[in-house]
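Next come two complexes built around subunit A: one with subunit B, the other with subunit C.
Now for the complex of A and B:
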């Protein structure tokens, strides 16, 4: 009894934070999604009307499409790159620690500031990318105002920013794999490629699960890079769910509808995350002993 | 990233808590009242600060805190502040948003106070005052006005043997472009020194464009071509949008043609909001020889271009004649301010001839009181710039801001669609149709 009181006291601060700043707002957003509200006047109850609007809203479906496209561009590239970096840095190489810091630096920088810098880099007239392409005789495209290029550019900026951070977790995971397993494998005559696919990758799954779950959630919620680099354009080719929610709430002042969109995004992320857990649950070993 | 958002949530919560504490303590404290005054142009702050210093000296019981929020965030900030009950007591108001704010009861009606204090409203330009008056309701006293004129780089004109007077007297039409396009062809050069009307001109390697045009809604570009072409954005004040009428579509098409048919205007890749440089920067970088801009940017041109190296002249005339967009701002008093009496004192001061003279004489903005306009012109004459073109424009045909309760829907869809027109990704007619349909639909939905 006393023990459980102590335990509750110990988790109280974080529980308070969770309830006050996550649970209550989520409930608040859900309630708001049943209302029509312009942020100033009185909200009035509309039932599920916002959700019905959503079903026929071309803009919302387009934003969903764009978000999925962004996730598909972002996650595989980021994960594979981070894994390769982690394996490289796991070797004892000179200056390894310096590289570790270097790779994590982008993650520590302000996304908005990075967005502005990358906008300059990709500027079609004065940017360094097109300048370099011109040196080898290639006329670079108008990166951020081209419907085909804008989203890949945004995704590449985010890959660049978060790969180092992802790499850190995978590196920690790699270092947790006992050397003895590799030694035993060597005795059994396992080759390099087999070592990677039969030992390293399976034993890296706890880190992989964490990295994928958090990165996929983050990717579904992409906003700041879009806001700074394209404002969802050209047209609505880079309007992601979160940017669309922002537009609805704070440019068009449809707070109720924006809440309904948020709930849909929340449920979608929940489903994707649940699938990831289900996939990894049966395939993950946490105990290496 | 999850952890990051958690941290953000906690920080926001902490800010909210401290903010709540802050406002609680200030309301119980006695002594001077602090008014928050929100504006969107940092360039105008020094002049207003100077005026407010005088106000504070004569009103020791009132302190004024000027808060600058950039235009891009200003209206979102205002709306969320209203939702959170944390509004500035006084704020710059714009006709593009006034009807929405008025409809929601955010802006005070000043008519009773004007009558009680016998404020003489006949000193203001009636054209400006009437825009801020609805029946017997007055939403603000005109603090300034603005119009659009041509701003040019002298060295670029000289190199092309074009004079400012020629530009000001030029005409455009939709068939051969007119003398305006002919002048712009002289001002446009590619990296090999060829002009767009010469054989071998390379449109993808332009060193200097004749003109750069940019505006988030159209005020400094296609609205002006529009008024010169007889385009009306709406059938009447608070009426339906008519952006897809032939006169408006032709104006949009003409601007697109300047970019992609005549190759004399910088394309959207160079100019589109939000990522492109501002017009004064585009001129300062030498990307374009001339631009259309409002007088509120004069200070930026002065800062970015060499002294005596630039000037202003009137806009060209179109098929229907000359014309410009004529607009002005007021200060709005938040309807639920805790300090209505003090806020009114500040409103009265800022709209007084003493304060408007301070701001005009600093060359910051044209005053809402016509008798003071000379002060603004003189301030610029002393800096070597003749700004009379802006005033000349207002004597001719002018177009005011459309009055509508669907301003935010219109502004959002215009930015999205017209940006595509300037990128040559959308036809003017299709953009105009979409803008008209979307903005009119917003009226139907009550937002």
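Now for the complex of A and C:
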């Protein structure tokens, strides 16, 4: 009895914050999506009108498209690079720990500041990238004002920022694979490429699942770099879901409609996450603990 | 033997290249903050700023309210960090060690919300803040996360579960209450995870743009992210100013990280494993 009271006293502050600022808003967003609200007056009920608007809204579909494109640009590049770095560091190396820290440094950078730095680095006339390209005789494009290049450049900020961080988890996963398995494989004559695809990769699945799930959820919510680098442009070629929701709510004052949009994003993230869990569950049968 | 040596060299070359790419944007930005407009356009990003000029910093301080942005951000981040570490540790201890009705259900609900994208809660949160009359105040910036987050509670709980329970059992037999155990046993043993949570929280509040952008608009509480993106919007062509501001936003976090780096690298990897 006494223990229960103490426990509730200990969790009371977090529980209050959780209910007031997380749980109620999550429930509230479903309610708000049935209302029309301009952020200033009182919301009034409109039923499913926001969802009907959404189905015919070209802007919403475009934002969804762009978000998926951003995720697809990000995740494979980031994961493959992180895996290569993790494999390189998963051996006794002089200076391995120093490299590990250096690779993680981008993770803590402020995306707003990175957006500014990247805009400068990819500037068509004064940017480092086009200067380097000029050295090998290539005329670089107008990166951020080119419809085809703007999104890959924005995605490259995220790849730069999260590759090292992702590497940390994969490295921890690699280090958890028992050495005896590799020794047994060597006796059976399994080496090189085969060893990687038949042993390392399958045994890395739990870490891979964690990394993919968290990175995909994060990527779906890109906002800061878009806000600073392109404001969704050129045209609406880099308008992602989060940016579109922000525009609808805080520039056009359609907060009810923005709530409906954020529910769509939420459901999409849930579906993608569920798919990842199902895919990995079917294929993960190893447990060393 | 020579092929092994060659492979070693290639490996190091790849690692050094990766390290250069990781660090170069920081160094180029810092370097440029000591150049005037003319030299930023006339020289390469990697040309050293010799002799350095400090005019960008004095301008940012005098003309662009940079000291205000830094101060507001620091205040918000410190208050949130202290609250997070305190309240997450309290909750995490209760969830990890005490028995109480509804514990597992409550913990499951906490964890489930970790998957909810931030944007989902922000519009209703704005409604809450406007009903409470808190829009455009420090309270609006601080309240949503100061009481702890599911991620923080999860992180500390995972760590506390690795501390042997015998220690506490022995202390309880000696008559120690929950508070004494928390203060005398748990706190000293969980310093590494508290350092990690503090750093992660500080970094994410320092870097947070979306919520401050929504809920504040007066200069007396403008935080760094909002201030800097406004600078970029208005003075994008004054590269020396916006890059110096970026350097000031980027570099303090590196100092914070390097201070606690040993704990963090290990703890971050821990959360992913189990």
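Here are a few things to note about the model shown:
Here is the rule we use: the second predicted complex is superposed on the first by the 265 of 289 C-alpha atoms of A that agree within 3 Å, B and C clash if a C-alpha of one lies under 4 Å from a C-alpha of the other, contacts with A are read in each partner's own complex, and residues count from 1 in each chain.
Please note the rule applied: a residue touches a chain if its C-beta (ideal position, glycine included) is under 8 Å from a C-beta of that chain, and two chains touch if they have at least 3 such contacts.
The structure presented is a predicted model; accordingly, all values stated were derived computationally and were not measured.
In the superposed model, A:236 lies in contact with subunit B only, and not with subunit C. Once the two complexes are laid over each other on the shared chain, residue contacts for A:124 go to subunit B alone; subunit C is not touched.
In the superposed model, A:39 makes contact with both subunit B and subunit C. Once the two complexes are laid over each other on the shared chain, residue contacts for A:24 go to subunit C alone; subunit B is not touched.
When the two structures are aligned on the shared chain, A:269 is found in touch with subunit C, with no touch to subunit B. Ranked by how many residues of subunit A each touches, subunit B and subunit C are led by C. In the overlay built on the shared chain, the residue A:152 is in contact with neither subunit B nor subunit C.
The contact surfaces that subunit B and subunit C form on subunit A in the two complexes overlap at residues 17, 20-22, 25, 39, 119, 217, 221, 250, 255.
On the side of subunit A, the complex with subunit B involves touching residues 17, 20-22, 25, 38-41, 119, 124-125, 139, 142, 144-145, 147, 162, 214-215, 217-218, 221, 229-236, 247, 250-255. Interface residues of subunit A, counted against subunit C in their complex, comprise 3-4, 6-8, 10-11, 13-18, 20-26, 28-29, 31-32, 37, 39, 43, 84-85, 88-89, 93, 99-106, 108-121, 126, 128, 131, 160, 164-165, 168-169, 171-173, 176, 206-207, 210-211, 217, 220-221, 223-224, 227-228, 242, 245-246, 249-250, 255, 258-259, 262-263, 265-266, 269-270, 273, 289.
Contact residues of subunit C toward subunit A in the complex are 11, 14-15, 18-19, 21-23, 25-26, 28-29, 32, 40-41, 44-46, 87-88, 90-91, 93-95, 98-101, 103, 106, 109-110, 113, 115-128, 130, 143-148, 150, 153, 178, 203, 206-207, 209-210, 213-214, 224-225, 228-229, 232, 236, 239, 242-243, 245-247, 249-250, 253-254, 256-258, 261, 265, 268-270, 272-274.
Interface residues of subunit B, counted against subunit A in their complex, comprise 1-3, 5-6, 9-10, 12-13, 76, 79-80, 82-83, 104-106, 204, 268-270, 272, 274-275, 287, 408-409, 411-412, 415-417, 419-420, 423, 425-426, 442, 447.
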